[in-house]
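These are the structures, in C-alpha cells.
Both complexes below contain chain A, partnered by chain B and then by chain C.
Moving on to the complex of A and B:
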C-alpha cells in the first residue's frame, strides 16, 4: 500500500484504499471468500431476478400443481420445474429467485438507513458529550433493552391493523413497516458503536489540532473523526446486514412480513408447513435452504470483514 | 564483591530473526556479549536497534514469530541456554535469571495484592512459605527502599505510584537472589527524580549482591551513570563496545560520536551553538544496505563503506568497533566529514544534517534588556521593570479545578469532594520571540497550564491577555485572530496527524482556514513550509503512516507555523523521538524561531532539553510556580529546593560526572488534598521547620528577575547549595 499515492483525490481516498485492502484480505481467507462469493451470487439473483427466472410472473402463472423437482444434478439438467411446483401450481424455482430481490431490498435498505442514521447520531453524541450524550444514551439503552423480535412483532401488529387511506404517507409507512422496524432496532446499536469509537478518536491530538484552528463541529466530526471510525462502521454494517436478513426471514415466516402472494422466502416456508409439507416438501425445503445459505454466507463474509479490519487496525 | 574472571553470561554470534509476512527478517545480527558477576553492562540503542529483542532472546522469551538462528552461542554460568527445555528455563526464570520490564504497571497482576504476589515469586524460587517468606519480603522491600513496606504489601498494584510499582518489580526480581538480571528500560516513563532514586538503588544493590546486570536504555545519561561497559547497537548490529569512560571520552564509532554529541548537556544553550544531530533515519530491517548499516547517515562514509560490511574489530584496550575508518577517525586530526552532508537545505531535506544552523550571535542586547526587565514577573509588586510593549501573553492568577464526582457516601452526607486543583494561581508573562520553558514532574500541572492557554481546557478562574486583548476561555469562543496567533505542537507525533489526511492536506487546512488563502496559494505555501522544516516536496503527498516519528513531528511543526502564530505551545515535542532525531527537531525549532520571531512555551520533563531551548524557565510544582528565572540561572545556586532536586537528578551523559543526588520520595501529594503552607514541605530536604507547613512562602527576588518561592532567604540558599552544584563539577 506504500506505493499508493492518491494525492489530492480527496480526504476519503485513504478509506477507499483501506477498503480495497480489506477486500483482498477477504479473498485470501477461503471461508470468507466462499461467503462473499455466495453473497455476490444472491445479489445477482436479487438484481436480475426477473431476467433470470424462467417464469418472471410466477405468482400469477399456474402450472400443474405438486410437480416434484425436475432438477437432476447428476445429469446436469434443470428440467421444466427445477424445484417443482407448489400446491397452487406455481414454479418454486422462479419464486425462490424472485424472492432474493425482496429480502435484499428490505434487509439492505434497512441496514443502509440504520448505518447512516446510526453513525451520524453516534458521531454526534460521542463528539458532543455532556448532557446531550447522556440523554440520548439513556434513550438508546432503553430501546436496546426491549427484545428485538418482540418489538418488531408489536410494531408490525399495530401498524398493520391501522386503516389508512390508500396513497397517504401513513399507508406508505405501513407498507414499509419492516424497514421501519429494522431501522428502529439497529440505529441505536450502530449509534452505540459509532459513539464509543468516536470517544476514543476524539481524544487524539489531531482532533485537538483541528479545534485550535477553529474548525466547525461538522468539519471535525465528518472530516477528522469519521475516516478513523469508518472501519468499525463497515464491520458493524456487515454484521447488521446479516442480522437483518435473518430478521426479515423470521418475520416472513411468522406471517408478519411480506403479504401473500409475494415470493418471500420466509412466507413461502410458512405457507407450506404443517399438512402441506407432506404434499409438497420441496416447496418448503428450497426457500428454507436459500435462507440458510444466505444467512451463513453473510455471516462468513462479515466475519472476514471484521478480521480484515482488525488486522489492518 | 570479588572481581572474578569467571564469566556469567557468554553470548557469541547471536542472530535473531522475526517472521514478517512469511519472510524471516534478521533483526539482530552477530551479537556478542560477555558479562561477569557484579558487572553492569549497558545496551544503548534507538528504537529498532534490536535491544529489546536481545533481552527477550537472552531470556528465551521470544514470541512464536521470533527465533535464534543456529550457529550462535548463549551460555549462562557454563550452561548452554539454547539447548534447555522449557521446563528447565522455567526453573531458571524462577530463581537465577530475572527480568525487569519497562512497564511495571503491566507486569504486575492487577487483581492480586502486592504481598501475595511477591510471596508467590518467592515460593516459586526457594519454596519458602509462611512467616519466613514474609520476613524475607519485608527485608527486600526495605532494601528497595519502599516506604512503609507493611502497607505496600496490603495494596493492589494500581494503588501505587509508577515509581513504587517499579520498586516492587525490582524487589520481586531480587528476592530470589538471581545471578543475572536483565532490565529493559526500567526507568523510562518515570520522572527524573524517581529515575535518579531507582538508579541509585540498582547501583547499590548490585554492588552488594554481585548480580550481573544487563541494562537496556535509550538514555545515554542513564547508561553513563550506571554501567561499567557499554554496547552501542544500531539497526541490529554492535557498532561499538567499550568501558564506559572510554566510550564517552573517546568514542571511536561515528554513530557513537553522533549520539553523544546530540544530547544537550545540562546548562548547554542554543545561544552557544546548535546541537549536533545525525542525518536521516535508521534503515528498514527488510532493506538493509549491503555495506555498513550506518553508511547512509554517516558523514565519513566512503565507497568501501557502502560495498563491504565492516567487521567488529577487537581493539587493544578491551574495546571493539565496527567501522572501516575508526583508525583514521581516532587520529588527532581526523578527516573532515564528507561534503555530501553539506548540500543545500532542500537536497538534504528530511535528513536534518550536521549543517550548522544560522543564528545570530549571542545577543548582548537582550542580555542587558533582560537585566532591567524580567520577562516574567510575579504578583503585582514584583512587576518592576516589565514593559507592556514587550509582553505577548499575560496570564494572571490562572486556575483550573477539575471537579471530582461525588461518591455515594458524599451524596448522602451532602458534602462535595474537594476538586483537583491542577493549576492554582499561576501568573505568567511571555515575551514576544522568546522561549519560556516550563518544567516539573508529571502531576505538576504543566500540561494543564498549557491547555488553559491554548483553550483546550476551560479555566476556572484568572485572566489571559494576548497583546493586550482579552482571550476567551475556550477555543470555540475565540476569534479567528486569537486562534491564528496561538498554535500548538503536540507530544505524540503518532496521534497529532490525522492518518487519513496527506501531509499536504494537513498543512493546507490552517492556511485556508486561518489565513484565508485560496487553494492555489495554500498549495504553494504548504510546499514552502515543508521546505522550511527540511522536508522534500514529495513529502506533500505522503500519509502519516509513511513517515518516521521525526518526520511526523516536522510536519506537525510546519502545520503549527502555517498560521504564522506569535506563540507556539510545545508540549513535550521531542520526548517521543529517538535521541538522534531529537536534536534535529530542537535545532529546527530554534531556527524557525529566529526566522519567524514566534515565542514558544516549551514544556518538558527533560531539564537539559528545556535548558537548551529556553530563554527563561519556570518550575512548577503541584499547580504553582516555585521558581522563575533566566535559563542559565536554573543550573546554578540559588535554586528552589525543588529545582535543586530536579537538577541534581538529571542523568548526565558523562560518566565522570557525579553528583550528590538529592533524593525525593516517590509520593507526590494528591492535587485534591494539597499540603498546607509550602506545597513542597512533605518532600523538601531543606525544610526549615514548622513555618514551612504553616505559611505559604513568599516570592524572593534575586538577580536579573530571578524569583524563588521559599522561606529560606536567597543568600542562605546560595551558601547551602553552592557546595553541591552539579554543573560546576561537570565542567
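Moving on to the complex of A and C:
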C-alpha cells in the first residue's frame, strides 16, 4: 500500500491495489467468480455476435416457421436451429446472440456516462460545500422521490412524440432515447454517493496538505480526492450496471425500448407471449433465460466487487 | 422532536414542489409544442391544437401555468382523457388506484412477514449455511426482472397446474389473465389478484430481507447484547426482547421506501398479468399519447410515495425516543 507522502498521496496505485484485492476476493467466493465469468461470456457475445451467430442477418432471413429447438445437450449437438425458429421463421439462436450487443451497449454506455458525470458532479458538490451543495443535494433528493421506471416511461413517451428533422442531432438523440434516459436517471444517484464519500475524504490530512501547498481546486478534486473515492464509485458503477440491464430489459419488454424487428431480448419475450406462447414457447423462453442469467450474473459480480471493496477499505 | 418534525414537514413540501415542477416541465420545456404533442403530433389539425392550447392555458406565462396546473391537480380537476373516450382522468385514476392499492396491500401482507423472517434468520446465522442459502435465493431467484418471474408464474400456475383435475374444480382461481371487471369487490378480485401479488412479493423479498439481515447483524454486535448474555439471561430472551425489538425498528422506514420500489414493479407486473391497475393505465396512456393522463398518474404516484415516506419518518420518530434532532 502506498504511503500518504505529500505529492504521492493521490497516486492511482491505490486503485490498482484495490483492483488486485477485488480479483483475489472474487476468486475466494465461487459464486462471484461464476457471475464474473458469465458476464465475460455475454460480453464476448456482445462484441462478436455478428461473427458468432450462424445467421448474422437473422432479422431478414426466413426459414421454416415454428421449428422446435434442435439443441441436444446430451449429445453436444446444436443442430440447424438450436433454439428453434419463431412464428415468422427467424432463427431464435442467432437473434439471442445478436441481442447481447444492444443490451450491453445501452446499459454499459448509460452506466459509463452516468458514473463519469455523476462522480464529477458529486465530487464538486462535496468539495465545494456551502449553499451550492445544499441546493443541489435537495434537488437530487427530490428527483429520487420519483420511481426510475416511471420517469423513464414518461420521458420515453414524450421524446418519442417529438418531431425532428431526419439527420439532425436531436433526431440522433431521440434514436438513443433509452441510453439518454438511463444516463439522466442515474447521474443524481451516482452524484449522491460520490458526494457523501467526498465529504468524508476532504477532511483528511493529505487534502489539507494539498490546500496548503496551494494546489488548484481541479488538482485537489481529481488527483487527491478522486483516488480515495474511486473504490466506492466502482461499487456504485457495478450496482448501476445491474440496475441498467434490468431497466433496459424491462423497457424493451414494455415496448418502450428497441423497436421491432430489433433482436432485443425484452422485445422478443413480449412479441412471443400470450397466444403465441402455446405456439412457440421456445421463442419466449430462450431470450427470457438469457435475461435471467445475465441479470443474476451481474448481481453476483457486483456483490463480489462490493464485498472486496468493503474488506479492502 | 418538534424540531425534527418541523424539518421533516418542510422537506416534504420542498420535495413535493420540486417533483411536481419536474413533472410539469417535462411537458413544457422540451423542444416542440406541447399542445401539438398532446393533440397527437403531425396528424393534428391547427384547430385541435388551438383548442388544446386554450384548454391547457398555454397562453399564460410559465409560472402562472404551473400555479394553475398544480391548483387544478390539488382540486381534483385533472381534465378528460384522450385515450379512453367518455371518461375523465380523475374517475379513471381513482378506480385504477383502488385496484393497484389492493394488489399492493396483498403483496405487502405476504412479503413483509416472510422477508422479515428470512432476514432475521439470515442475520442470526451470519455466514452460516442458512444465511448463504437465503442470500443465494434472494440474490438469484428474486433479483430477476418482474416480467420474467411473472411470465414464469403464469406458465407454471395457470397453464400447467390450471389444467390439472384439482385446479379444474377450482378453475377460476387459476386465470391466465388477471383482467377483472370494473368496480369488482375485493372478494371478486382475489382470484385474479393473488398471482400478480406473488410476483410482487418476490421483488420485495430480496430488498426487505437484506436490510433486515444487516440490522440484526449490527444489533448483535452491541455491548448490551454481551452484557445481557453475561448476566445469564437466556439467549432466546435476549434475541426476542432486545435484539429484534431494536433491529426491527428501522424496517418501518424500509417498508416505506420499498413502496416506491413496489410501485415500479407493479407497473410491469400489471402489464404482464393484464391487471387493470394504475401501472397498466400509465403504459396505455403513454402508448396512446395521452400525456395529460400520464402526467396526472405520475403526480398521484409521487404523492403516494412522499406521504408514505413522511408517515414512516413520523412513526419512526414517535417510536424511537433517541431519534436524531440534527
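Methods note: the second predicted complex is superposed on the first by the 303 of 313 C-alpha atoms of A that agree within 3 Å, B and C clash if a C-alpha of one lies under 4 Å from a C-alpha of the other, contacts with A are read in each partner's own complex, and residues count from 1 in each chain.
Throughout what follows, a residue touches a chain if its C-beta (ideal position, glycine included) is under 8 Å from a C-beta of that chain, and two chains touch if they have at least 3 such contacts.
This structure is a prediction, so every number in the text was calculated from the model and none was measured.
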If you count the residues of chain A that each partner touches, which comes out higher, chain B or chain C? C
Have a look at where A:167 lands relative to chain B and chain C in the superposition and call it first, second, both or neither. neither
Can A:227 be said to touch chain B (first), chain C (second), both, or neither? first
On the A-aligned overlay, A:288 touches which partner chain: chain B = first, chain C = second, or both, or neither? second
Could you say whether A:204 touches chain B, chain C, both of them, or neither, answering first, second, both or neither? first
When the two structures are overlaid on chain A, which partner does A:212 contact: first (chain B), second (chain C), both, or neither? first
Between chain B (first) and chain C (second), which, if any, makes contact with A:130: first, second, both or neither? neither
Touching partner for A:74 - first (chain B), second (chain C), both, neither: neither
Interface residues of chain A shared between complexes with chain B and chain C: none
Contact residues on chain C for chain A in the complex? 11, 14-15, 17-19, 22-23, 26-27, 30-32, 37, 41-42, 136, 139-140, 143-148, 151-152, 155, 159, 260-261, 263-264, 267-268, 271-272, 282-283, 286-287, 289, 291, 294-295, 298, 301-302, 305-306, 309
Chain B residues touching chain A in their complex are 454-456, 475-476, 478, 480, 483-484, 486-488, 490-492, 495-502, 504-505, 509-510, 513-514, 541-543, 546, 556, 559, 563
Note: in the complex, chain A contacts chain B through residues 2, 5, 7-8, 11-12, 14-15, 204-206, 208-215, 224, 227-228
List the residues on chain A that touch chain C in their complex, please. 31, 138-139, 141-143, 145-151, 153-159, 161-163, 170, 242, 246, 249-250, 253-256, 266, 269-270, 273, 277-278, 284, 288, 291-292, 295-296, 299-300, 303
